[in-house]
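By written order: A, B and C. Residues from 1 in each chain.
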Amino acid sequence: MKEKFFRIFALIGLLAVPALAWAEDGTSEVAYVLNTFSFLISGALVMWMAAGFAMLEAGLVRTKNVSTICLKNISLYSVAGILYYLIGYNLMYAGVDGGFFGSFGFWGPDDAAALGGDFSAGYSSGSDWFFQMVFVATAASVVSGTVAERIKLWPFLIFCVLLTGVIYPIQGAWSWGGGWLSEMGFADYAGSTIVHSVGGWAALTGAIILGARKGKYGPGGRVNPIPGSSMPLATLGTFILWLGWFGFNGGSVLALGSADAAIEMSIVYLNTNLAAAGGIVAAMIMLQILYKKVDLSMALNGALAGLVSITAGPAAPSPGAAVLIGAVGGILVVLAVPVFDKFRIDDVVGALSVHLVCGIWGTLAVPFTDSEASFIIQIVGVLAVGVFVSICSALVWTALKFTVGIRVSEEEEHSGSDTAELGLEAYPEFGRGSQALK
Amino acid sequence: MKEKFFRIFALIGLLAVPALAWAEDGTSEVAYVLNTFSFLISGALVMWMAAGFAMLEAGLVRTKNVSTICLKNISLYSVAGILYYLIGYNLMYAGVDGGFFGSFGFWGPDDAAALGGDFSAGYSSGSDWFFQMVFVATAASVVSGTVAERIKLWPFLIFCVLLTGVIYPIQGAWSWGGGWLSEMGFADYAGSTIVHSVGGWAALTGAIILGARKGKYGPGGRVNPIPGSSMPLATLGTFILWLGWFGFNGGSVLALGSADAAIEMSIVYLNTNLAAAGGIVAAMIMLQILYKKVDLSMALNGALAGLVSITAGPAAPSPGAAVLIGAVGGILVVLAVPVFDKFRIDDVVGALSVHLVCGIWGTLAVPFTDSEASFIIQIVGVLAVGVFVSICSALVWTALKFTVGIRVSEEEEHSGSDTAELGLEAYPEFGRGSQALK
Amino acid sequence: MKEKFFRIFALIGLLAVPALAWAEDGTSEVAYVLNTFSFLISGALVMWMAAGFAMLEAGLVRTKNVSTICLKNISLYSVAGILYYLIGYNLMYAGVDGGFFGSFGFWGPDDAAALGGDFSAGYSSGSDWFFQMVFVATAASVVSGTVAERIKLWPFLIFCVLLTGVIYPIQGAWSWGGGWLSEMGFADYAGSTIVHSVGGWAALTGAIILGARKGKYGPGGRVNPIPGSSMPLATLGTFILWLGWFGFNGGSVLALGSADAAIEMSIVYLNTNLAAAGGIVAAMIMLQILYKKVDLSMALNGALAGLVSITAGPAAPSPGAAVLIGAVGGILVVLAVPVFDKFRIDDVVGALSVHLVCGIWGTLAVPFTDSEASFIIQIVGVLAVGVFVSICSALVWTALKFTVGIRVSEEEEHSGSDTAELGLEAYPEFGRGSQALK
């Protein structure tokens, strides 16, 4: 990503328009301010996605696990931030230089040059840290949904410590940190692979090692649907994620200090929006055709599928191509959900279909609209990240399983994590309807 | 704190970088960037209003229709985006030139001039499209609330296709697109008429053609109140709309690249806020006087009424005038709701009172504070848009009624759209209280 | 709309030429625009905090009082805005000059200098008003949570009138308005004392004068827990507040028109985030140790405690110090809640522990990382504000108590404010579970 950033600046240097009077080294204070502000506002929008995941997942689990999923989501965001400060950022970005990871050490701001009048860094170091930090939190958020309703709170958070402090940063170093994948030319603009599929692989290994919820799969391949507790919360979560995605993809322009950057950001915004729209409309049509009813939770996943699908390359496609890329994502999600169920991989919110399947699809779709990207290299990137994250995650999940344990007791699973681990119900005053007995 | 501020400025004085002059043609790259960024951030805030409508309406319908209203809101936003790309934008803006509509064709970005160093366009084409697109979605969002709880999903979406692809863009061409109303001098800053009343007229014709919900009106003129299912969601929706309105009105300055534009945007922000405040306070006082109790759902509509009322002219009024314009809106909404009921026009969420009545009021109020606006021309604009949208909408609703049908069966209405059309309940685990039997 | 845009540009053309260069007096048009835009966007984020308080409190009260707390939150925000326009702003900022309060009179925008090309004011007056206005609303929001479930609607709003129109502005004049505390060197960057503890003192006196909810405290010092009605809403509220806090603290840089300001804003953003993260993680660990379960509502208060704690000085600490400052806040909140209960001070949402206790802690922590701040002067500021606000608030609460009355009748408290004062239930269709009988 940094390479990209400097490429943009090189381009700006070539334009050398006298209107903005770029300083002689190709940068200026106003560009510095605008780049920094873009990181901050975009980062705040991505932070908001943590709330989106929390609401989406709170809406899609049963009432007895709603408080727990809320706590997991807000605490994983917090853990991600602290760990990324303690170790993650430097591991991902400090001196990777074509290799496999950076250096170890706390991150700290360094803006002495800019404070002295040299704006060649392009943006403040703190704004960059903030923006990168919210990305790692997104990867962790993907995991919590899949493994919900049966994983223990603290072991889950320990997994998040290792995911956000070590696993994510190392694979991130390969590409955005300027490592070997970056040198090969792997293209992943805002992280279909680097963020979303990473969360997906970590979630997949977790779901397999953890096992399905009790009662989800019956004998003879029967799949028992377990409806979520609150559809408006799930809808709200989807809207929050959609809004936050403008920061996720739009901020990944990594600049706002030139007309070129602003134009690119505009394209990214509108393509992001159109891909999400394509995703939900395609999913709705598929659902109507296949099932004669339009399941809302699947339709919402269609929108998210569109968003994940466009994330690897939101700046290159035409608007029509963005609709199509998103629409394919929406169709994939409708088809993928029953496949995971067939393999008895119990994904409570459909996060694997959205973030893993469409993360891969989005990454592979880049060469269709970006002539600089290579299909082969995209596959290499997807596989390398997938193998690395799956192995690391499996090791961590297994180690946790055989030490502190990762699954709540059968009795606790039946009564719900909320009373077992938190000691409070999510909705203590609402009487129980028939579904609650399941 | 102010001290600190000036210390910072003293420091800036020391730096004294000689950059960033305006180009001789009156534009500059930095203005181009700022104008573009304003469209993107404001547009993101307006997109967020789609979530606000979804939550407001989800809170004001009964539980059995909550999932459906959520799906309608997120899908209509998606349909609006795709249609505005396919046909709407060009129909509204491309070569209207004093006439009645633009040209037919897909929209596509065109920023070649700016990429070549000529910033006279003022902003990137994509940011403009994005901002205009979220406006058309707002108009469609108004409709879903009024016709909720009895309209079929797919016919409703077909109506949205025609509203956002054809009806809205054509009337928009008359004013914002530079058509005949614009040449007359019709003043509607951010769309009290062009957006809100358009949604209102489309909703009104829909409500009439569709008929009232079963049980809403009894014999002898009796009106049965049907309370909404979740007041906190309705409140959340109102807050979301209030926040989004800063983008709706503030972004309608259409610029940020000069001190004049920034000053105007500041006035718009604070007037928008004060009008909403005036609206809710006035509505609360009215409710206390008339009914001795302050119905929350009416108070929330008071805030929205204030927002719609100021939208036609948020830059001209003094702060005190903004409070008054909003307050009149808040009073109108309290008075209008029973009037619609008297005519047995069943408006589930009060959208007609908010968006149609106050949309008209706001448009007619412009000449009070803006000396350039004419009362007569404002009336012409309101009537022209009203007649056009009502006729077109009535034709579409009627055509749908006599082909695919627009109303769910009586049995489905009783059991709720959620199970009938979506196959899932919004809150499957919550037991039913006495109200749910209605 | 486009016409208008080009008219604006024509105007810019007339102003013309080297206006965007940094002026010789250390200001420039582009800095003016950026400073103004920062106030507007940051202010919009702080406005969003009003929604956060509404959702947090709606989640933490019982169902029978949910509608009322929603109405209180949205109406107090409205009252705050109108009062700050009518009297508050000028009382706080107009000609304080080292003294105790400013002048009386309506606020009005004054940007003639900037419209004439003199940008030395640094930002538009309206953007400053907007930003300051949302701060006073925050102080009032703190109060509603503590006194919930038993205070009457209209007397509460009368209190808000006096708090936002008179009490808050006078103490604000002492520091931010350039009064005596400011001259002493009191340091409170974004208002741990000036905003949060002010709300806390007003809430504390209210809770004492109002008395506890019926049934909260039993004989023999027994404390009966009264669980909140919706944990996901409380979580959503916390996320909203966290997001809004980036505007609260970040906007308090009061500038964006220089690299120095942008760098400072970046530090503020990341420290704010890390302090919140430290707060929740520390609170969770404390809860696990003390109670063996992690109560979600306390954990959420831990995040808010971290945010309040960093607010007095978010620009000076290193990232690690920010985590620690927040963590101490998170621990304090877990320890403080039972202390207030011991004194039978019934604080429904824990706002005293969060905003008062951590507001004080945050203010006193400033000298640890900011060498310009003095521990003694910080204590003076905390005490002066505390004594003044407590006395004024106590007078107002008492006057209200012996005139209109501040507490609902015992019967109304039992049946809930929603039916008694608003005439509508928050969740009319949800059957009552066992908790609801309490």
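Assorted remarks:
Throughout what follows, a contact is a pair of C-beta atoms (placed from the backbone, for glycine too) under 8 Å apart; a residue touches a chain by one contact, two chains touch by 3 or more.
Here the structure is a predicted model, which is why all the values come from computation and not from measurement.
The count of contacting C-beta pairs peaks for the chain pair B-C. Counting the residue numbers used at the interface between chain A and chain C, under half appear in both copies, so the two copies meet with largely different residues.
The distance from the centre of chain A to the centre of chain C, with each centre set as the mean of the Cα atoms, comes to 31 Å. Work out the mean CA point of chain B and of chain C, and you get 29 Å between them.
In chain C, the residues touching two or more other chains are 30, 41, 230, 236, 257-261, 427, 430-433. By the touch criterion given at the top, residues 29-30, 32-33, 36-37, 39-41, 43-44, 47-48, 50-51, 54-55, 58-59, 66-68, 70-71, 73-75, 77-79, 81-82, 85, 106-109, 111, 114-115, 119, 124-127, 129-130, 133, 153-154, 230, 233, 236, 418, 421-433 of chain A touch chain C in their complex.
Considering their complex, residues 1-6, 8-22, 24-28, 30-31, 34, 38, 41, 45, 62-63, 93, 122, 176-178, 182, 227-232, 235-236, 238-240, 242-243, 246, 250, 252-263, 265-267, 269-270, 273-274, 276-278, 280-281, 284, 288, 291, 293-297, 299-300, 303, 318-320, 323, 427, 430-433, 435-436 of chain B touch chain C.
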